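Some structures are shown below for you to check.
What follows is subunit A paired twice: with subunit B in the first complex and subunit C in the second.
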Partner chain A sequence: MTIPATQKTTPAAPKTVKFPDAPDAKGLAIATEADRRDQGFKDSESQISMVLRNAQGQESRRGLRIRILEVPESDGGDKSLVVFDAPRDIAGTALLSFAKGIEPDDQWLYLPDLGRVKRISGSNRSGPFMGSEFAYEDLAAPELIKYSYTYVGQEACGDLTCYMIERRPQYKDSGYKRQIVWLDTEHFRPAKVDFYDRRDELMKTLVYTDYKLYGTFWRAHSMVMTNKRTGKSTALLISTYRFDSGFKDADFSTGTLKRIR
Partner chain B sequence: MERQQKDWWGWSGVKLADILLRHKVLVLVLSLILTAVLTAGTARIEVSGDYRAFFDKGNPELLAFDAIEDTYARLDSFAIVVRPKSGDLFTRDRLELLRDTTVRLWDVAYVSRVDSLTNHQHSWAEDDDLFVEDLVPEDSPLDAADIKRIRTIALSEPTIENYLMSPDGRTASLIVTLNPPEGDENGLQLPVKTAREIVDDLRAKHPDFVIALVGGAVLDSTLREVSERDAAVLFPLMLGVLFFGLWAFYKSPWAAGAVTILVVASVSSTLGIMGYMDIPMMTATAALPVIVLTIAVTSAIHIVTAVQAGLVDGLSRRIAIMETMRLNFEPVIITSATTVFGFIGLVFSETPPYRDVGILSALGTVLAVFYTLVVLPSLLAVVPLKAATEKTWGGEYLARTALAVAAKPKFFIGLYVVLTVAACLAVTQLKINDKFVDYFSDNVPFKQDATFVSEHLPGLYFLEFSIASGEEGGINEPAYLKRLDAFASWLKAQPGVTHVSAITDIMKRLNRNMHDDDPDHYKLPSTRNEAAQYLLLYEMSLPFGRDLNNQIDVAKSASRVTVVMGDISTGAMHDLERASEAWLKNNTPTMMHADGTGVAIIFAHLTERTLTSMIGGTLIGFAFMAVCIQIALRSLSLSFLSVIVNISPVAFVFAVWWLMVGEIGLYAAVVATVSLGFIVDFAIHILSKYKRLRSYGADLPHALTESFLFVGPPLLVTTVVLVAGFLTLVAADFTINAYLGIMTGLVIALAFVTDFVFLPALLTLFDRERKPRHHAVASEPITAARANILLRRTPAASPDAGAAGSPSTGGDNTASSGSGSGTGSGTSDNSGHAEDDPSSPQDR
Partner chain C sequence: MKTVMKSAKARSLRQTTVASAMALTVSTALSVTADLSAAEVLGARAARHDGHTRLVIDLSQRTTYTIRSEDGQVKVALADDVVVPQKLKTTISAGIVTNVRAEDGSTLALDLMAPATVMRSYILPASQAGHAPHRLVVDLAAAPQPLQFAAVAQANDATMLNTMSDTTVQYSDDTAGGGDWGDSSGSVFDGFNIDGYAEIEGRIFSQGSQEPVPPSRPKRQTLSFAIEPSFSYTWDDGRSLLAFTPFMRFDSNDDDRTHFDVRELKWVGAFDALEVRVGVDKLFWGVTESQHIVDIINQDDGLEDVDGEDKLGQPLVGLSYETGVGTFSVYAMTYFRERRFAGPKGRPRGPLPIDYRQTQYEAGSDKWHVDLAARWSHIFGPIDIAVSHFRGTSRDPVLIQGLNAVGDPVLIPRYNLIDQTGIELQGTFGPVLLKAEGIRKAQPGENQYAGIAGFEYTIYGLGGGSSDLGILAEYLWDNRTKPIDNPFEDDLFVALRWTANDVSDTTLLGGAILDLDTKQKFILIEASRRLGDHWKLSVDTRLFVSVPTNDPLFFYRDDDFVQIKLQRFF
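After this line comes the complex of A and B, so read on.
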């Protein structure tokens, strides 16, 4: 799958977007448009509180910071650095990931108490992230190439109207057969994602709310993943976003991991 | 006036019969409509296999169990266990089979985890890389070297040993954890169906393997299927035995048919009410039709037998029915009342389905009384009936035995006391064992599979603990891990334990991985931070369906310890549970104390408590019964006797059970309560006749002889028919039904023996000083003929009958037999007797 070059180079959003009629082409076009609108943020840094709840309402919190460096897909894909702040027994632990499209991401974890960086075999991205309802693959960079797309319809979502796009993972070892993504027709922001497991049964639902605009970029400040079977849920609550801090490639290397705290 | 008050029961019976016979067609039509309306409820009955239905919402053990499920993961699962007929699993083909089947199991509905040898998450270090991978990944070469690698790891990894694979490397288990939608009662049906298809397919394609399917989800389905099958096969079988038995006895298909119709109506109406009350049909409630059948039969046989006897005596059908009602109205009502009270023991039960059985059986009893006293007379008035030629089936023999016993009361009472005491001692020796695998007969595939699994890779019985650390993230504390490790080691050393799963095994392995796989570092991490960071790294490496959420709670404040138990009794499981809890109390701080739970354990608790509460409930039932009997017999000594006489058969049967089986389960609670209700009936039927005769001044031998002659035949036929009926339950695939059948059949048979052998002895001793109440009657010498008039029976119609009493009672009886002979005597005696008994019906 290749990305249409014309859209790759168009910086400004057209007022009205025309999409092809064929469902596959239309799905890809909408996804591409959403991807395009998110391009150019250069880098971002956010402070996240992760709240895990089980069916009984028991709660547990984790604190983390995420730095993302935008890297064009043609050059491999985004690089990210997750620093764990809480609970305190993992404070200073840091995860470095290089997105590689449909190949497994390269991942390293720095363990401060061992004082060493360990490379993680990246094929297991379908497992839960820190015991939460988010799988690593749900949080990884949403590179366009990872899925095939089909337009399935349009429906109201809150005050807006949403496109419904079905996307099927093209990478190996996914925990999902498919996902349905709701993107609002105005800003192409994800409002909701339904995750269907390998048996094509609805397993989880992710809801994005509390969107704020940073320059031309919309960011949700609350992402709640609910497991439909276990009743467990995980909320990602983002308190701050900072863009364009001037991060460099060198800030995303195994060498910097030890100094990140 | 005094007489009319005294025989109010007889008078009511006659009045009722009179009304019923006048409007018999209307009565039958209305009853038919009522039955149809009630029976319609059966369409609403749902079959359930959910073991949760056995527990109250607030049951503490179930709450502990639910807490584990809510904190970690649902425990519904099944396992496919494979074992090659020869050799071990370490060949290319066999490992491929395991790997392919593991992948295939992800197609099962609601699957949340699949655990097998091939997807065991093996971790190892290589320079600064940590690898976490399936033990047999998809691209594994499976050449000689690779197989050697797999074999070495599989045989040395504690999380695999005796859980995913047997230590000899020959038997492997593929465990599927299910997470069906909440509240979906059929949520396990679909996965089990797929599992069976997979197993059938594997069996067809791999005849060199023995393949078994076990687990809680399969148990659930099997319970359902076996209940359905038993209900569909056993009840008709029992009805058949009943019908043909009665036909043989009455020599009339019509009389047998009338009883059968009544039984079917009672049972179907009761089941209909069960449907309207939305009570599900399950293994426990499956006994209900049998219970109601039994009750209906006991009442109906008395009526039909008496009517037949009346016809033999030459009475018109109308008079025969009215006389039957006069004499049986009281005992039928009283025995039914005692039967209802007998079910109080069940109503107080700890087990909801047994409470349902208690309430419904009580309702069924009331319905059976209604059908017996209202519908049966009308029915008998319209079906073709003819006088049977033989009518004293065993009556004389029983009477003769009674007199022989009465002659040596001390010997028989001595024998009785010795037997009863011995029986009670034996009962205390019974061990409780309630393994659900034993619920099924060997015909059931689940039982065969479970037996196979018990032999090669036990994994049917689990004991679960959730061990708290007292703080968020506390499972990483070295002190916690150390104690957890000590607990796991202690558990592993306990008899009956085959596998223990705790996070300490993973922690040790990770610590080794982090230190370049140095075997010296196969120990717990030394600091909390290390443990937390290793765990984070490991968790980040695990794929979908292989995570640790089933062993660690979200706050990392508690972890789960799972103990796999081998084929040990539920009593031993219970002991292990208590010992484990005690170990935790003695060796860990308070926050680490935990209660063990698991399906087998909560059932062990339930059985114990149900049996205990049953004893209390049964005693209360007895108290009510005694009051009832007292009202009926108005004699303290007789009431006391009837209660005593009826406890002993139950004790006898439990003693026999101890000799033959040695163990007892939940079903025993039903046996005692169910059988008590109607074995008491036997005594009441005998004693009410006996007392009637005594109140008219008959001496003890006469009263005994005559009451035995009168009630012996119906009681004998009831016993034979019921014992035969209950023995048909032996064919049940649900062995609890079979045990219930055998035990209840035995209780009835022994109750019969007790009533006819020991009761006369007891009466002789306790009823000796009894003064006749009605002096006017008593002043006349009571002859057997007089007794016959009072009881509306003429034993002399059969020559043998006269001989029955003669050996010990002498001339009186012999003479009376002569005077009472002739078929017309009943009618003429009746008209003469009517003057001093206003309740006696007039011949119209």
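After this line comes the complex of A and C, so read on.
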């Protein structure tokens, strides 16, 4: 698909946009604007490598490929397909997820050894993804309805300014009481997220860097999650992005799970 | 490893020709002539971009320039009449450029962290809306380095967000090829893929075998090697697949256990809602953990483990069609695969050797009989349901006592024609999975009815940590009063599965199948973990406890063993 030249840059925040003053309404409005800017990519594919690092500096690598289908929430919710590439003993294992707003995802796991598709529980949101510092809920589609938002303030982030939004999970089984998200005021991209556990202590920090513009969508190529208590970290590095390839529901079925290598 | 091939249908981002990278020890000159006159340098910015460093020099007008690189120093010489302010406004975020300084006249000197090559340079005209001035863009790359984890981890002040908008606009103004829409070389799911493993497996039996075979009894230690590479090629965005997976095991004690199989040799193609598959394949049907009674398409590889989860490849043709009311599939199979059993020197094994030369088939065409199967599956919210029917040669043999050519007692496998209807049901409710399978098997003699129902409950984050504990229980039932070939006719399965969710994927499983009639217990204890990035160690224990004489597992009563398996994945 081609993008007409007039659409090459992100639609700038309307100069006359005025967010409401009340913190909750302002927080929701900012979060809504950030969400709005991420809509319309239709589908995407990416190749991801993760580097897990413990406090002693030892590293371990994970590799995966992911395909996402954007589905309006009224029609069900985003669908995603993940295939694991590394470590090699789990290579070929694949996970199909249907997002369901606040409810846990519907998930199916493909085990290549047995050729078995097993429906699993999507309620393990706070568990570590592939042994990394990212929990499943950290990687799930960040749908607006999942959180309540409050505007906290504004501060400099690098050369830009960022809105600070506090958000609280509205879904069950979250490992967090709240999160603070820094969104830059120019493009509403997340720069940083602080995660507070259920005892309201700072647990992890996520930093997004290496943003690149694809048509009108900003995508970070690097996401580093650092566990403030253990000193462990995971760098999630995306090497390839591909959009609007024309995928349909049929490409996100249990049949697809069994074909993927 | 995975090689991604450029798709023939790739949308190519047409790019203007890129100057090739320049060598650095010799002073080189790169110059571009443009058409305009005096300009002023407004500022300079450098940031990391796409694996290299991008330097952008803001100019009030277009200008000519020459880039010289000598001995690790890079200098940008602008046209003589360009005004370079003494206090140059620079913004250096990250990357190999540490500073941009004004140097005598209209030259900018770049201070570098390490020797760099100039990848390309070009002038970007001012944007029409006036947001950006004329810009001279210079891309520099360092000598190839491994990923600097520390550098990535230091970016925790969001310094990288420095107006990336300018530095990522595609420098080509080409509109026909679309914008910067991402990688155009094809799906990340396409291409060649090689998977698989090689393994060494040892078994240690705690007791001497009950089954004497001249000239000596089967040994108490066995050693075997196996390899299963898997080659596949995927195309059309993951909708078409060609796969070949051979398997070979070599057993140092038991010649009968040494075997070769083609697990997969197939083509699978998806066309919207229709999927076609042709070739040797493995299809699994089932939802329970301890036994898989509905699963019928593939023959058990009886020479592998005793848990019935290893299968022989089955030649078949299949069609599958997805609709809003479920997926409908039909299969036709031929070239029936016989089940093989451990030989006289193998353990565990039955009391009599199997004589495959006398194998009987109820079907006149023997192994070439065409077996048919159909299945409907659907998802109702949290419920997954499937109903299947199979008509053809039973995969389970009836073992008949007979004599071999020299008059020794042997067991002769007989494969009858059957009709088997199966149902699978799973309900997924948060951390609880409810599962059930049932079959009705119409066969010569007594019709068989069997069922299995149970649950799997997982405690996530045990004790506030990151490990999970799964609790499993299933009840197995079979109506056959003489369960010669099925020892699980009124049995209870219980197990605990602990997964550490650590970097090494450490897993422990402890379970038992208890025969509620005979009080026999089959106990399994399994542990596994990954070693490094490519190795995996598994230790499995199988114990046959309190086996009374009327239990079909009686012949295995002294075959308790520990199996140690070391696998190398590639």
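Everything below uses one rule, namely that the second predicted complex is superposed on the first by the 246 of 261 C-alpha atoms of A that agree within 3 Å, B and C clash if a C-alpha of one lies under 4 Å from a C-alpha of the other, contacts with A are read in each partner's own complex, and residues count from 1 in each chain.
What we mean here is this: a contact is a pair of C-beta atoms (placed from the backbone, for glycine too) under 8 Å apart; a residue touches a chain by one contact, two chains touch by 3 or more.
Quantities reported herein were computed from a predicted structural model and do not represent experimental measurements.
In the superposition on chain A, A:109 contacts subunit B only, with no contact to subunit C. Residue by residue along subunit A, subunit B and subunit C are tallied for touches, and C comes out ahead. Once chain A of one complex is fitted onto chain A of the other, the partner contacts of A:244 are limited to subunit C, with no touch recorded for subunit B. In the superposed pair of complexes, A:84 makes contact with subunit B only, with no contact to subunit C. Looking at the shared chain after the overlay, A:131 reaches both subunit B and subunit C. Contact with neither subunit B nor subunit C is seen for A:42 once the two complexes are overlaid on the shared chain. Within the superposed three-chain model, A:222 lies in touch with subunit C and out of touch with subunit B [touch as defined at top].
Residue overlap on subunit A between its contacts with subunit B in one complex and with subunit C in the other: 52-54, 59-60, 87-90, 112-114, 116-121, 123-124, 126-128, 131, 173, 175. The touching residues of subunit A, counted against subunit B in their complex, run 52-56, 58-60, 84, 87-90, 93, 95, 107, 109, 111-114, 116-121, 123-131, 135-136, 173, 175, 198-199, 201, 229-232. Touching subunit C in their complex are the following residues of subunit A: 1-5, 7-10, 44-47, 51-54, 59-61, 65, 67, 83, 85-92, 104, 106, 112-121, 123-124, 126-128, 131, 157-160, 162, 173, 175, 182, 184, 186-187, 189, 191-192, 205, 207-215, 221-222, 224, 226, 233, 235, 237, 240-248, 250-251, 253-256, 259-261. Across the complex, subunit A is touched by residues 2, 11, 48, 50, 91, 93, 147, 149, 152-153, 155-165, 168-170, 173, 175-184, 187-189, 193, 195, 197, 230, 232, 234, 237-239, 241, 243, 268, 270, 272-273, 275, 282-284, 286-287, 309, 311, 320, 322, 327, 379, 382, 384, 426, 428, 430-433, 458, 460-461, 466, 468, 501-505, 530, 533-534, 536, 567, 569-570 of subunit C.
Residues 67, 70-71, 73-74, 106-112, 128-133, 179, 181-182, 472-473, 476, 514, 527-534, 536-537, 539-549, 552-557 of subunit B are the ones touching subunit A in the complex.
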